[in-house]
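As written, the chains take the letters A, B and C, and residue 1 is the first residue of each chain.
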Amino acid sequence: MAESEEPEREEREEGEEEETEGVEAEGTGEEVSEGEEGGAGGVVETEEYYRIMFPKGKEFRYIFTALANLLQESNLIIDSEGIKMKSIDPSKVSLVILNIPGSGLEEYTVTKELKIGISFDLIKKILKRVKAREKVELGVDTSRNRFFVTIYTKKGREGGFYRRFGLPIINIAEEEVPEPKLEYPVRIRMDMDVFIDVLSSANEFSDSVRFIAKEDTFSIMAESEGGKAIETTYTSSDEVFYEYSVQGSHDAMYSVELLLDFIKPMKQISETVTIEFDNNKPLKLTIDFAIGSVQFYLAPRVA
Amino acid sequence: MAESEEPEREEREEGEEEETEGVEAEGTGEEVSEGEEGGAGGVVETEEYYRIMFPKGKEFRYIFTALANLLQESNLIIDSEGIKMKSIDPSKVSLVILNIPGSGLEEYTVTKELKIGISFDLIKKILKRVKAREKVELGVDTSRNRFFVTIYTKKGREGGFYRRFGLPIINIAEEEVPEPKLEYPVRIRMDMDVFIDVLSSANEFSDSVRFIAKEDTFSIMAESEGGKAIETTYTSSDEVFYEYSVQGSHDAMYSVELLLDFIKPMKQISETVTIEFDNNKPLKLTIDFAIGSVQFYLAPRVA
Amino acid sequence: MAESEEPEREEREEGEEEETEGVEAEGTGEEVSEGEEGGAGGVVETEEYYRIMFPKGKEFRYIFTALANLLQESNLIIDSEGIKMKSIDPSKVSLVILNIPGSGLEEYTVTKELKIGISFDLIKKILKRVKAREKVELGVDTSRNRFFVTIYTKKGREGGFYRRFGLPIINIAEEEVPEPKLEYPVRIRMDMDVFIDVLSSANEFSDSVRFIAKEDTFSIMAESEGGKAIETTYTSSDEVFYEYSVQGSHDAMYSVELLLDFIKPMKQISETVTIEFDNNKPLKLTIDFAIGSVQFYLAPRVA
């Protein structure tokens, strides 16, 4: 059995990632010599190292999965108040606004504003492996310009285990986006699972769905080629609604795929979603979860 | 965030469906003006509108899934007696005969013979979402020439919810098929799951399976290239058999893929299948379920 | 419905297996005339027919799945002591050594050394269908030069059911491989599920992983392009370790895909794995299961 520099497997799939050379041991870099204790979790805590601990892995996992579904990269703004993000997706039809107050997090050591540009591609793969009860720590090392996601057991840093994902902080030029100030005649808070199921059915027929809200019924429709169509209708008194406020009759069309990309992960952390829309106006979804909230705006399609 | 007429996503998959323009609101068409109540479920019930309610979604789902697996389109014959179908698959090696008496259905309002030509492609996607305890209503609107599948909760039309799938009734030219009248020396009624598992194993080896029935054993065999072969044998006294009647020794070969396409969904609605065959004669399967029965004939292959 | 010699389905997938002609009934070959009893399970037991019964299907299934993941073909050596295998994978970076003593098996009738060359391709498909509590019998017919895998219910040959997979014994030229005799400064026995989970995470980042064992911590690291990296670290006192013996600090890099191909199936039959390695030396994994043991050696990669 010879030592091999570049072993190749016969059934190796095409398009696989390039092999990497020279794995750098995260947290045992230049500052730390071999065998030296690098502080809790192996990272030297400096004046320029900031930590944020999420009490449960669940929220972190599903919020960032939803973001990663929409965005390739984004700036997180982390300051003394909390974590904020406001980003437009690459196709420029949706806007997502995230707000997680620092007061609901553990060990929130950020005192000045940090702008953390991150690329989402590998984060998605990491997120899949975060278990609901694990703790997740975000770390920002401003001297090394690196961002860390560290996963601990529910015991936290005392648990004797961590998994650390490190990535460079990148510079992302983002235009300033003002938050839309819109008044809507339709405001419906409904069961999240039902909303996702209705959208998924519609998506079998078309990439576009039509929302029709009347004072007594809410319908979602889609039509495919050849005159095939699907319509799902709920009476306003149905138990799937937690709030139902509609003045008049309103009708708008939206891209269902972006909607599903965003909302599917959110059902893991919220049982309801608030839907607001109007004729030819952006759809607005609001989702409140244990430690914060997210708004999602989606431009209408012209029928 | 600009309003977009044709938004495109960067990672959009190729071969996706064309976007549709102008979704038509099912059941709120020309006859019904905005805001007007369209009768139960939003469809105007006219002299020319016929309804058939399946008491449970389960049978409807799996029978039509089996049909959709075999057929691209077919004529349903619906008359005062019930729902019937007799169709040959596009490769012309199998014949399927469906019979669902109206007496086992709820609200069976059909009094004259209706010939309903339907295309199965999108129906399959709808069927996946029908839950076992939901009610399914078939609707035929002869004036608008449309066929509807409406899904209600188990409360039926009073449930305040419906999902309606509408499609045009199409004109399908089908040759008249006489039902084969064959006498078989082999008649075996056996456990459905076991039969499917044995066929699936054989299908790993070949697209053709050989059935061998003797007075005391029933074997299914398949052979792949390079002399690899699989054989599954049950003694006639085995508990997988509910009926075992074989005179002499009989041996025939059939395409296993068509067989599996048809029979896999049926295991959800029947625990047994009756198998009849003879040397170089079509295989005949009979499956009885709560509200009807289906026969499946499959031409033999010549070894 | 015409009888068809070569039926074709319209949606037939490309690259499907060729249809086979003339399925041979296993165990009812030349020696056995129609209707004659072929001994238990339909195979004539001759002086040259050897049987080995595995008391449970589970071990057989997962060991051979691991082998089939690594190897295309291999020689099993079966003698009066037991079943042995020692094979190098086609890319020549790993060596697997299997040992199953005959004393732990039922009905072990082998008295002389048999060299059984088998090809693994279809075996893998068969293995998927072996249920944990079924019995598996290996049969070697030296006169017909065929190898059989027969699956019975937990009642064994008296169960009235069998599924028999037969394949030709092939002639495989294998170089004699001496078992490596290495002394390792690192010997860690740890939880199998945890080890697989850590490797799977690393595999999201790279095809190469670095193992770093120190006296108080064990880390596995991987790095992808663009400076993204993952590190998982356990303190030596963590409950995932059953044995932790490390002198000094050791560091080596291995291909993670081959590792996972081999080890994933093994978690079904063993709760722990023993890991031994050293700088620039092969990794050695040892897995003990109910009826035997397996060693897996993997050549290091040069960073």
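Here is the rule we go by: a contact is a pair of C-beta atoms (placed from the backbone, for glycine too) under 8 Å apart; a residue touches a chain by one contact, two chains touch by 3 or more.
To keep track of the chains, here are their UniProt names: A, B, C = DNA polymerase sliding clamp.
Please read all numbers here as calculations on a predicted model, not as lab measurements.
Asks: Report same or different for the chain B (DNA polymerase sliding clamp) and chain C (DNA polymerase sliding clamp) interface, where same means the shared residue numbers exceed half of all residue numbers found there.
Replies: Chain B (DNA polymerase sliding clamp) vs chain C (DNA polymerase sliding clamp): different; shared/all numbers falls short of half.
Asks: Since chain A (DNA polymerase sliding clamp) and chain C (DNA polymerase sliding clamp) share one sequence, what rotation angle in degrees maps the C-alpha trace of one onto the other, as a multiple of 5?
Replies: Answer in degrees: 120, to the nearest 5.
Asks: CA centre of chain B (DNA polymerase sliding clamp) versus CA centre of chain C (DNA polymerase sliding clamp): separation in Å?
Replies: Taking the average C-alpha coordinate of chain B (DNA polymerase sliding clamp) and of chain C (DNA polymerase sliding clamp), the gap between them is 40 Å.
Asks: For chain B (DNA polymerase sliding clamp), jot down the residues that touch at least 2 other chains.
Replies: none
Asks: Quick check: in the complex, which residue numbers of chain B (DNA polymerase sliding clamp) touch chain C (DNA polymerase sliding clamp)?
Replies: My answer: residues 88, 90-95, 177, 180, 197-198, 200-201, 204-210, 212, 214, 219, 221-235, 237-238, 240, 249, 253, 255, 257-258, 280, 282, 297, 299-303.
Asks: Which positions of chain B (DNA polymerase sliding clamp) touch chain A (DNA polymerase sliding clamp) when the two form their complex?
Replies: 1-5, 7-10, 16-27, 34-35, 42, 119, 122, 125-126, 129, 146, 160-168
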